[in-house]
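Scrolling down, you'll hit the structures one after another.
Look at the two complexes coming up: chain A is in both, with chain B in one and chain C in the other.
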Partner chain A sequence: MSTVLRIAREEWRLWLRSKVVVAAALIVAVLLAATSVLTVNRVAEEQSQRIEQQIAAEQTFFAQPDRHPHRMVHYGHYAFRPPPPLAVFEPGVDAVTGQSIFLEGHRQNTAMFADTKAAADLGGFASLTPAILYQLLLPLLLIVLGHAMFLRERESGTLAVMLAQGQSGTKLALGKAAALLAVIAIFMIPLIGVAAYSVSLGESALAATSLVAGYFLYLCIWGGIVLAASILLKQRAVSLGALIFVWLFAALIVPRFAINASSAVIDAPGKIESDLVMLAEQRKLGDGHNAADPAFMQLQAQVLEEYGVETIEELPINWRGVVASYSEAELTELLNSYADKRMELEASQSHLFGLFGFASPTIAISSASRTLSGTDLATHHRFLRESEDLRFGFVQALNEKHATDLDYTADINRNNGEEASRAARINANAWQVLDEFRFEPDSAVQRMDRAMPSLGILIAWLIAASGVVYLASRKVRL
Partner chain B sequence: MLRHLSRETRFLAKDRGAVFWLLLAFVLSVVAVSFGIAEVREQRETIATLIEEDAADRSNALEGQEDWGSAAYYAFHLTYAPPSDFAFAAMGQRDSSSWKHRVRMLALEGQIHEADTRNADFGLVGRFDFAFLAASVAPLLLILLLYDLRASERTMRRHDLLVATAGSSRSLWLPRALVRVTALALLLLMPLWVGSTIEGTAASLTLQASGIVIGSLLIWWLIVELVSRIDASPSILLTSLIGLWLAIAILVPAVSKAVIEAANPVPDGGEILLLQRETVNDAWDLPKEATMDPFVERHPEYADHSEIGEEGFEWKWYYAFQQVGDQVVEPLATQYREARLARDKQAGVAAWASPTSLVERAFEKLAGTDARSMIAYEDRVRDYHRELRAFYYPLMFPEEPFDEELLSGLPAFTPTS
Partner chain C sequence: MTSPLEARSLSLVREGNTVLDGVSFTVAKGEIFALLGGNGAGKSSTLLTFLGFLDPSGGEVLVNGKSVGSDVAGARNSIAYLPEAASLYGHLTAYENLDYFLDLAGKSASKDQINVALDRVALPQEARTRRLQSYSKGMRQKTAIALALLRETPILLLDEPTSGLDPVAIDEFHDLVKALAEGGQTVLMVTHDVYGACQVADRVGLLRHGKLVGSFAAEKGQRIDTETVHAAFAGRPHFQTDAA
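Showing the complex of A and B:
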């Protein structure tokens, strides 16, 4: 064991003497620190802002004066998605999707005003987050540090001496691995710091620890790849070139290629396209504003029979409210079936994208990282579903008030002058039907479940990389 | 010189490493161009289907309407920005701004910010298009091709001998590098040229794009040339060059972006929406004049037709408060648009600090997929919405009798191209 440690210590001594290595490590460290501080501040600000906006939206809704209940259906409400605590490390899809959504009767709106739409356009990958630095920059640092670890011994002739002294290649490789591991451990500190901070913000320790573990796995994979290259290849420049190529492929080319490929393989129609198909179907359902629409005749017969009366005027409830509630339910079912189909297609696209993790560990870690942080596509979809439940909930509660609290005759005459319009209002206390909405990230266990495939791919990568290092180091000859 | 070049070409053909990087460049370019063309075709097909379905839906919606108000309420109109014939090379902002809408004569501010959702994961990672290849990956390939021209000869201990026998170092290093840069440029550009021919791109556009690629390669060549004069080992040279690439391709753009966005805040989108909704909703409870007065201020020609009766519901009043809703948020919406333009303008200046950003932006500009083009499309949608109002108002306000025939004269959306 002490041989392994001695080899590792020697490696560190050499690194510390190399200006390039020290400079590179310092630059990466400064970048990590700066980006972490900036992202933490930005996300913390956004989080408190969204929560305030959510509360303000509820207050305004409750504060509306006496009105016709259907007016409140159209007045609508907002749902905001505050970034989860771990978004300080991995903001994920939040910048792309927009974080607020307008909820109103008869419509499912999309989340609007994504940050990227108004972003200053400077090309390719112009936003830095701590997660991106870990995914792209740290592997490069490991490459710079480690591409010649083994080669160096070969070049300087010390390899021959060590082998002659009876040291095995495996032991030598183990020592080098220990040295790299120490580097990785040091560079995990900022992530551990950010993760600990997120726990202080209320993140579960399990999710935060898994995130740290995931990145540790990822960096170890790169350490393995780097070490393997330095054992297998016989020239420094070749080793460095080959590793840069692997990095270029894994970090830049495969992820974008995977995007192109999965959007080409699975065609998810846009909202306008699927809306058009739906509109044709919706027209058959009838217009909820017009209670005389023929589509409602059957409903009318049924309700009249239920209450044992002849005309809708005799009903103890407001017929227009019944119709509004009925057609909202029908419409929502239809809207949801289309929305679900769209989300399923998107989810299967992302699933396919995730499979490319077998070609690039960067894809695997980025999927796992978004999932564990609660900033992945699945969380966005859940936000859409929950805000839809909120929408349907308050719209139907208002429709119920419409049916029970507002007289039918008064309702029909609502447009006949100032006084009639005043008569067709209900007390503002009814607005309390709106549920409080606080979007919460998935539980840590659920997130872990979802991240398992990606983490599994990472483990497979680690096994493969260490296997190659082991086999190569056993065969080390001069 | 020719003799030197042909000699170096022979050398290059035998350098397995260099041939590998060049082949990789070619394969990546083919992949980027074919994916680009496939995507552009899909977008065109989508637009064609949408035009058809939109027309069918509208005629269905208009059928049996009995007044102007309901006709305008139920009829949606498709607006879209078709991809240009060079969009295959740079999808640019088409991935983050929506290029299709369905609008009707209600308040536009509630409609124009709708995003036709794409898979969010996609927007996050970005596409592998030719612009990305030329701007970010090609410089890296160039670095890998050129960094060890001198250093490898030094490692082989041939450097001094070569320099001594070659007479001038220019006849030695220049042809060697020139052959590699030319090969890289040609292999990158050939698929682009084929793609341009397939897509029918104007020759002048292709020529400009080729010029941009060559120009950027020349800049990177200069950078590599300057760095590799340092007498250091190949791996140190490569490390420094990769560091420079990182700084130029990733750090400088990211920092400029952060600074520009902090300096030009855009109004919170939610606020635009909220204000518009509040205005439109409040109008129901306000005296009718509160809506009609600001409306007439904008449209004095309807001053004589702006009396709204106490009894019953009138569409005129409904559309007036929709318009007033737009009028009230106009300053905010303008501010949002201006801030986006200002950000884009400053990004254009900042891009001069990074050849990578410069190339991407230049490509997007040629392809009509830059922020400016997307804003121009939104302006086009606003114009069209104005045409819709100009069509209905003269019928609705003077209360002309409803005539279904006249609806065939509804303005049609024509994209600018």
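Showing the complex of A and C:
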């Protein structure tokens, strides 16, 4: 056995013979297992529920009887975002952004089941999940295990004996690093299990492996920081105190500061706030329900000219349907411009937040973790865009039916009794215009591309931590 | 002939304080040289420079004729070091400790060989499978000496080796050190125990405030006179001294 492995083995023997260390490891193992099982169950249940709900919503829409097409525009439809398989480990922003949207004419509704607006959870520290345990608790356990690795030898005098046997400080550091690496490898087992489970649910092996690799990098960084402190500092208490401070700084203070700083530097209004600002502009577009609204006079002139007729009654198409379609397009353009602006600001906040990864590896791993799991802000934004496309598509298709399949005279007389109302309906087959909606996570390659900056920051952290350990170990003194 | 250990005008300054100031001595093969001095005299620092743990500010130390500064690994491979606290792992048994540290030194020993070494230092059989945290200072010291024996190095550095030992254990220890020297091992020990140094050493060097102020050699077949050394140690005038 090489000297490095022998040193690592003895470190392990010490840990295993220390009841405190074994107890701490057991507590964390139980916590990790319990949290993983609970999260896996919850997310798996949510996933099947939302897929079923999506199918049920479509069946309900298709099952509607003959109706006036605009009633179906307001009857609306639901779009659900099932959690991706890796959400069993990293629910990410899902818990706070909402996972379903009610889609209807003239509106872009907020995603429902949201605790707060999307931008508020840039940190993703809302609840105890396996990802949070890996990001926050495991570094603490590494600190408990490793803060005295070198100091213990120095304080007990065994460092002198070890060095006197002809071993270099670098070799001792490598041995200690190998011991910590073995601990980290054991920490990775539950994550590997969850990743394998997510692959069985259809997740890409590349994304799952990248997630495991990202957390391995992250814990190695903490291992390096812990080892460096143990070599450089002179007392156990100082080492423990300093490392706890570093942990508080990296895992709690910087993320909190980063969230506030990102929000302060880039002011992204929430959905409701933007809607209020947008309302005034929306009014200028005219009311699509009122075909006589002066806002549509120019449109009316154009359409009459196009068809070569004098009055809207002479048109071969239903003028009210034309107005509804035109109005919806104008309104959607306005809504989209606000939504795009808001999402751009949120994405900028998220980007700025990610740059704080240079000050805290916890931020870098949390960003990479959400991205690789498909539970990041960008994925939520894509859901909003795709569900909006779905909404606009079926609303405009219904407006088209309104214009082409429903007689104008019957339409304007629809409130003149039961028979007139029935005459203003179209066949239920028209509801088939609704497209099937199945929200899928981004491809693994796309997620990898997005996660690269955060993974790059983690690699930079690891190089820096390893460099400090190496330089410190070369100058090991009694 | 090259001396196994040699200090040439060795000086050491730490944090602005002069710890050693122009110390020179040699220790011949098979010789026991005791550096005697009070607290802070620079005894342990002298040992640590031979191990390359401290870099001299001036002069040099040589092990087997080679400067330690240019070949630390070579020096450490030739030296077995016994620190004052007999520092070994409390959570390991004597067997486990010896196996581990021998492994670090690039040596291996069978359980029988380890038992022979432990027999030589008279560590009780029943204690050998117990963890060192239950050992007395003397038992730990014996285990550490067993490590030195097993390493079979030509040089032995001992830092206050009898500190905390009872008189019987001290006598046993001195006998062992003498036996090692007779076997050809070179021993440099530092101590503030005048009686012990005179009893075991072939030569005693007196270190005061970082300077080697005197040296006393034993007559053939006799011990160094304790009274003379004690007088010198206490700073009384007119003591007899040999050249260092």
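The rule is short, and it goes like this: the second predicted complex is superposed on the first by the 464 of 478 C-alpha atoms of A that agree within 3 Å, B and C clash if a C-alpha of one lies under 4 Å from a C-alpha of the other, contacts with A are read in each partner's own complex, and residues count from 1 in each chain.
Quick note on the criterion: a residue touches a chain if its C-beta (ideal position, glycine included) is under 8 Å from a C-beta of that chain, and two chains touch if they have at least 3 such contacts.
Fair warning: this is a prediction, and the values are worked out from it, not measured in the lab.
*Asks:* Please work out whether A:Arg6 is in contact with chain B alone, chain C alone, both, or neither, and reply first, second, both or neither.
*Replies:* second
*Asks:* Which of the two, chain B or chain C, is in touch with more residues of chain A?
*Replies:* After superposing on chain A, more of chain A is contacted by B.
*Asks:* Taking the superposition as given, does A:Tyr78 touch the first partner, chain B, the second, chain C, both, or neither?
*Replies:* first
*Asks:* Does the superposition put A:Pro453 against chain B (first), chain C (second), both, or neither?
*Replies:* After superposition on chain A, A:Pro453 lies in contact with neither partner.
*Asks:* Contact-wise, after the overlay, does A:Leu38 reach chain B, chain C, both or neither (first, second, both, neither)?
*Replies:* After superposing on A, A:Leu38 lies in contact with chain B but is clear of chain C.
*Asks:* Scan A:Gly193 for contacts with chain B and chain C and give back first, second, both or neither.
*Replies:* It touches nothing on chain B or chain C.
*Asks:* Is A:Thr158 touching anything from chain B or chain C once the two structures are fitted on A? First, second, both or neither.
*Replies:* Second partner only.
*Asks:* Going by the contact rule set out above, which residues of chain B touch chain A in the complex?
*Replies:* So the residues of chain B touching chain A come out as 17, 24, 28, 31, 35, 38-39, 42, 46, 49-50, 53-54, 56-57, 60-61, 78, 92-93, 96-97, 100-102, 113-128, 131-132, 135-137, 140, 144, 148, 151-152, 155, 233-236, 238-240, 242-243, 246, 249-251, 253-254, 256-258, 260-261, 264, 266, 268-270, 273-274, 277, 281, 284-285, 310-313, 336, 339-340, 343-344, 346-347, 350-351, 354, 356-357, 359-361, 364, 370-371.
*Asks:* Which positions of chain A touch chain C when the two form their complex?
*Replies:* 1, 3, 6-7, 10, 13-14, 17-18, 156-158, 160-168, 477-478
*Asks:* In their shared complex, at which residues does chain A touch chain B?
*Replies:* Residue positions touching the partner: 20, 24, 27, 31, 38, 53, 65, 67, 71, 74-76, 78, 92-93, 95-98, 100, 102, 109-114, 116-128, 136-137, 140, 144, 147-148, 236-238, 240-241, 244-245, 248, 252-253, 255-260, 263-264, 267-273, 275-277, 279-280, 283, 342, 346, 349-350, 353, 366, 376-377, 380, 415-418.
*Asks:* Tell me, which parts of chain C touch chain A in their complex?
*Replies:* Those residues of chain C that touch chain A are 48, 51, 53, 73, 76-77, 79-81, 83-85, 87-92, 96, 100-101, 103-106, 144, 151.
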